[in-house]
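Presented sequentially are two complexes of chain A, the first with chain B as partner and the second with chain C.
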Partner chain A sequence: MTAVTAINMERKRGAASNGDAILGLIMVAPIVITMAALVFFPLIDTMWDSLHRINPMQPGTPFIGAANYTNMLTDSDLRASWINTFIYVVIAVAAETVFGVAAAALINQVKFGRRWLLAAVVLPWALPGVVNAVIWMWIYQPGAGLLNGILTTLGLPFDNHVWFNDRVSAIIAVTVVHVWRMMPLTIVIVLAAMQSIPEHLYEAARIDGAGRSKMFTSITLPLIRGAIAIAMTNATVSAFNLFDEAWVLTSSSLDTRPVLIQIYLETFQNLHFSYGMALSLVVTVVSLLVSLLYVLRVYHTTRFD
Partner chain B sequence: MHQSWPFRIMIWLGVAVLLLWSLGPVYWTLVSSITPAADFSARPIHFFPQNFTLNHFERLLGINVDRIGGVEVWKQFRSALFNSVVSSLAATVFCVAIAALGGYAFTRLKFPGRRPLFIAVVATIAIPGYAVLIPLYRLMIGLHMVDTFVGITLIYISAFLPLALWLLRSVFESLPIALEEAAQLDGAGRLYILFRIVLPLAAPGLTAAAILTFLGAWGQYMVPLIFSPTQTKPLTVLIPEFATKNFIDYGLITAAGSIAIIIPALVVVFLNRYLISGLLAGSVK
Partner chain C sequence: MRREIFRSMIALAAVAWALPALADDAKPLAGKSITVLLPSPQAANIAADFEKATGIHVDMQTLSWDDIRPKLVTALIAGTAPADVTEFDWSWTGQFNAAGWYMPLQDVIDKDTVADIGVAKIFTVDGNLLGVPYTNDFRVMLVNKKQFADAGITKMPTTLDELVADAKQIKAKGVVQYPIGLPLSPTEGASTSWYLLTKAFGGDLFDKDFKPLFLTPDSAGYKAMALEAQLLKDGLVDPASTGLKDSQINDSMFAKGLTSIMISGEPGRLGQMNDPAQSSVAGQVIAIVVPTASGVTRSYGLPEALGIPKVSQNQDAAIAFVKWFTTKQFQIENYANGVLPTRTSALADLNAAGKLQSGDALVAQSKVIDPLFAQGTPTWYPQFSSAVNTAINGVAKGQVTVDQAMQNIADATQKAMTQ
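Moving on, here comes the complex of A and B:
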């Protein structure tokens, strides 16, 4: 563009900027109104009300300070559900990261039909969480389920085995469903990072006589570290938010109950509205803090690269 | 890089395991939905169906009428399917439209408070829905919007808007500004530029935003469990109800599950490219 037209542009912009500002405000108004009414106002409301006693079954909404928060410390059901949630987070994030990176490395080696393979891999993520849960409920079914069917066909004594009778296998069963749903996200993020690594790096390493495993640890892994951290952050937040799978498979069982179900029960079953609000704020903060740990960790380890 | 035969075999084995893990459970649901209930507990287990039936789908869709809990299953199912489609489509259309308008303004128009507003809206991606659920519930009760399409659609819009906005703004930013400047020189107005030049160019981004919003709304469970309990109950809330404490009708469940799988599966097969780009833009913050 020539200098003259550029100057014309500037003049035109100056004249139009006032109109632009008004038009801009009009165009973002739907977003601002929606978010203010349905997110920001309720969020502030949650914070404020968590300092009160709000229970439809009790008259009045007295200010009770931090009582909702201090009550959490002595709530034994809550402690149990926190422990469950941390178990879910640890197993799910570890499994999704390890198997997700392995699967991404595998897909990265596939030359033909990669698009279709990726579509198949992404499918579980695209399904409703509830549908995933009932798919697996049917697989775990004791008498007619696929899992016991395969195990008995292999000659193992799993006829009519009930997977949700003991806590360890119940938690693992719920986690498997969650990992089945969320691992595709890890795969997609990590695979994209792998595909962006320039081919010549591998060529150079090959000339230097490096083997495949050496290339993976000294080229691929360092270059996908950021992507892994992002994937782990996503995995952590979604494992903290685990609800559908546990609710459909084991409903309110304390053995497998994650904090989100605890919030749901406290709020909509016991009608402890303000206690539920305080809890949901704490869960939000904890999940953000845990995610922040990875981000900082990655920041520290990649800063000098 | 040259691939030796043992290495290739290892790769194909790995691919087989990955496909079995990803598609096996889906395959099993589809197969079970056309297997007679009498064959379910056959042992040793048959991995391929021995007998074929449409009985489960007939009951589900009202071709052969059956009853569960006094209410006809197919009536419930049809209305749940309808509700799912309506609320997800409405959420998608409004969410993408609002995000496209706003996204363009946030990218190209200068107005007071542009940056802080954008940051505030996008930052809510990090806030889980349940942190605002309880005040929303009281708000919706006050507005008599619980169990209405308007209510549930509004909640979906507010939930998926930040992600769509984030995605669309990055799409708009990547479009060449010279094109818009040229149109401006020719005297085209902002809205003309947006609708005639920018939006057609941003079609892949709009598709990605629409897919993510649609799949998100289609798969919601806790939100409609609270805000759409009866009249506007979607598939995701209805399907687990087939599993009552004392009797679980796996024929119905797998048939209903198969139908709920179809739409996401079509999206994944035909719009995979957009889905992946949207997923990446959405997660790589």
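Moving on, here comes the complex of A and C:
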């Protein structure tokens, strides 16, 4: 009798398990289909097309193997744009992380009107990249620009200074606009993590005689490491995708040209579509590889936490 | 009597039945609808006037000039029509012909029209007319005659030496700080200025086999680049020009009286510059023929045309629009909107009526307009132009010498040719 009951129970459990599995499949089906149609299929199609010569000025689309990829090795403009892109990534990720965490820590201390402050901070991120860049173009303007005006008022020799005539200052100027736009996202992510830290940890630390800096390094930072890693991943991907700021401020200047502008020029100016596809795939892979460092870090941090 | 009334009624009924048919004959494409994509700004009444004339409804779309090409290319590579009638710039001719995206128009546009529009040959490849020019863009020089007079200059320059001397005098007299407007940014405007100066030095860019003619120091292209660097060094050109497009120099410097000479002036800008609502130097701006090294003026054309994509579903109505838009009457009317006619007859009529600003200079310049590429615009033009303006930008920033810049342009062109 007991054995029969156990078998029935097992059958019921199996049926329920099958039902759950089917329900689970139905629930995930929309996102799987959407991802397959809008991400995986285009990705595979692009990979396949990048192995062909797709140029509307030439007849046919013959298979050319890895020629588009090997051509990248001898493309001097591409090399320059990769160097610029890596500089953008390093400066932007470092600046967004350091200043973003600092800003989040400050905002976390604000007791009244935090929502309004946060809304104001998020504004640059909410604005389109082109709008941000145009605003900064006015700020950097040599004649009547705000930046030169302030520096000149302080007695410094910046009257009519052209910020984009020097490669170093041009790259920094473009990066500042990008950081200005993307840092709010870092602030929001890190602030959310800070607000989830239990207050009693700080109270215990205070009782043990810990100061503010000790609490920040021993409690806050370890507990927001995951959030910082997510913010850094986002900052990395967005820095690899930098386009609007460089295009509006310096057009296609080789001094500041990021790899995405190079892709745009190859694809839509030169009509080398499959070369543009190959470049896009390489940017995606490099961006993912760099981001993977943070993701692995998050994984270890989460386990440790 | 009753029979006569009956006959009259039948006649009236016949006329009533025939009237719509007659109207349809006059407007055979009435009721059709097309889309037109042109650079902004365009006159607001175009769609309504065309619909009134033909009964064809027009959905007029305008974009900034720089944004049109990506939109066209994206749609056309996907096999769809970006619009039934689109902008077709002279610089796209080589690429778009090779891609086979646009329908040949020589069989649907009458020969008199083509003959009247001299710059139509720039859009003709292998006997195929790919676009009908509607705006006559060529290069003259725009000068602020009041600033010249303020500096004590009474005679307009005809040689490059005189031009530089005048600019120095304007600066020395303190009339303006930077007398010459010259784009040095990595944009098309920087390239077109260098092409013009190359012409002004009496040379061309390539020989008949597309071998570069600008590599040696005694070549026109080399001298043109060296002159640009010298003008910047002498403080005659604003150092900020390394980041300015030609349109920005026009709008934010020349139209505000901050510079006296637009090296690569657009005739269509005369209306804007002399309009008090758009310019603070209204009434002071004239066009002069391009000063050259020899004193004999030269220039080249950069006209824009109307083209019809092969994949357009409304080609008949699109052709009707192209014909209407390039009629002599409409071109004369459209001059009020700053669009210089491409028809020689329309230009002559406007000048005879005294309506063409700096008419004598424009007519004189229009007689010596060459195509930039005698063999037709090559497919690799965008890469060439990009290499040119990148090189100019590099020279202006002091990052490369004129020698290196010329070699960089030649190398990039060679690479583009082999791709």
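Assume the second predicted complex is superposed on the first by the 257 of 305 C-alpha atoms of A that agree within 3 Å, B and C clash if a C-alpha of one lies under 4 Å from a C-alpha of the other, contacts with A are read in each partner's own complex, and residues count from 1 in each chain.
Keep in mind that, in the parts below, contacts are C-beta pairs under 8 Å (C-beta built on N, C-alpha and C of every residue); 3 or more make two chains touch, one makes a residue touch a chain.
All values derive from a computational prediction rather than experimental measurement.
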(message) Just to be sure I read the superposition right, which of the two partners does A:W180 touch: chain B = first, chain C = second, or both, or neither?
(response) first
(message) A:V134 in the overlay: touching chain B, chain C, both, or neither? Say first, second, both or neither.
(response) first
(message) After the superposition on A, what does A:T250 contact: first (chain B), second (chain C), both or neither?
(response) second
(request) Based on the superposed arrangement, let me know which partner A:N165 touches: chain B (first), chain C (second), both, or neither? (result) second
(request) Classify the contacts of A:Q269 with the two partner chains as first (chain B alone), second (chain C alone), both, or neither. (result) second
(request) Going by the touch definition up top, name the partner, chain B or chain C, that contacts more of chain A. (result) B
(message) Output check: A:M57 vs chain B and chain C. Expected answer is one of first, second, both, neither. What do you get?
(response) second
(message) By the touch definition above, which chain A residues appear in both interfaces, chain B in one complex and chain C in the other?
(response) 141, 143, 268, 273
(request) Enumerate the contact residues on chain A facing chain C in the complex. (result) 56-58, 141-143, 160, 162, 164-167, 249-255, 265, 268-273
(request) Within their complex, state which residues of chain B touch chain A. (result) 1, 3, 7, 11, 14-15, 18-19, 21-23, 25-26, 28-29, 32, 40-41, 43-45, 98-99, 101-102, 104-106, 109-112, 114, 117, 120-121, 124, 126-128, 130-136, 138-139, 154-155, 157-158, 161-162, 165, 178, 181, 184-185, 190-191, 215, 218-222, 226, 235-237, 239-240, 243, 248, 250, 253-254, 257, 260-261, 264-265, 267-269, 272-273, 275-276, 279-280, 283-285
(request) Enumerate the contact residues on chain C facing chain A in the complex. (result) 69-70, 73-74, 76-77, 95, 98-101, 185-187, 238-240, 242-243, 245, 379, 382-383, 386, 390, 393-394, 396-397, 399, 416, 419
(request) Flag every residue of chain A that touches chain B in the complex, lowest number first. (result) 1, 5, 8-9, 12, 17, 19-25, 27-28, 30-32, 34-35, 37-43, 45-46, 49, 103, 106-107, 109-110, 115, 117-124, 126-139, 141, 143-144, 146, 149-150, 152-153, 159, 180, 184-185, 188-189, 192, 202, 206, 212, 227, 230-231, 234, 237, 240-241, 243-244, 247-248, 260, 263-264, 267-268, 273, 276-277, 280-281, 283-284, 287-288
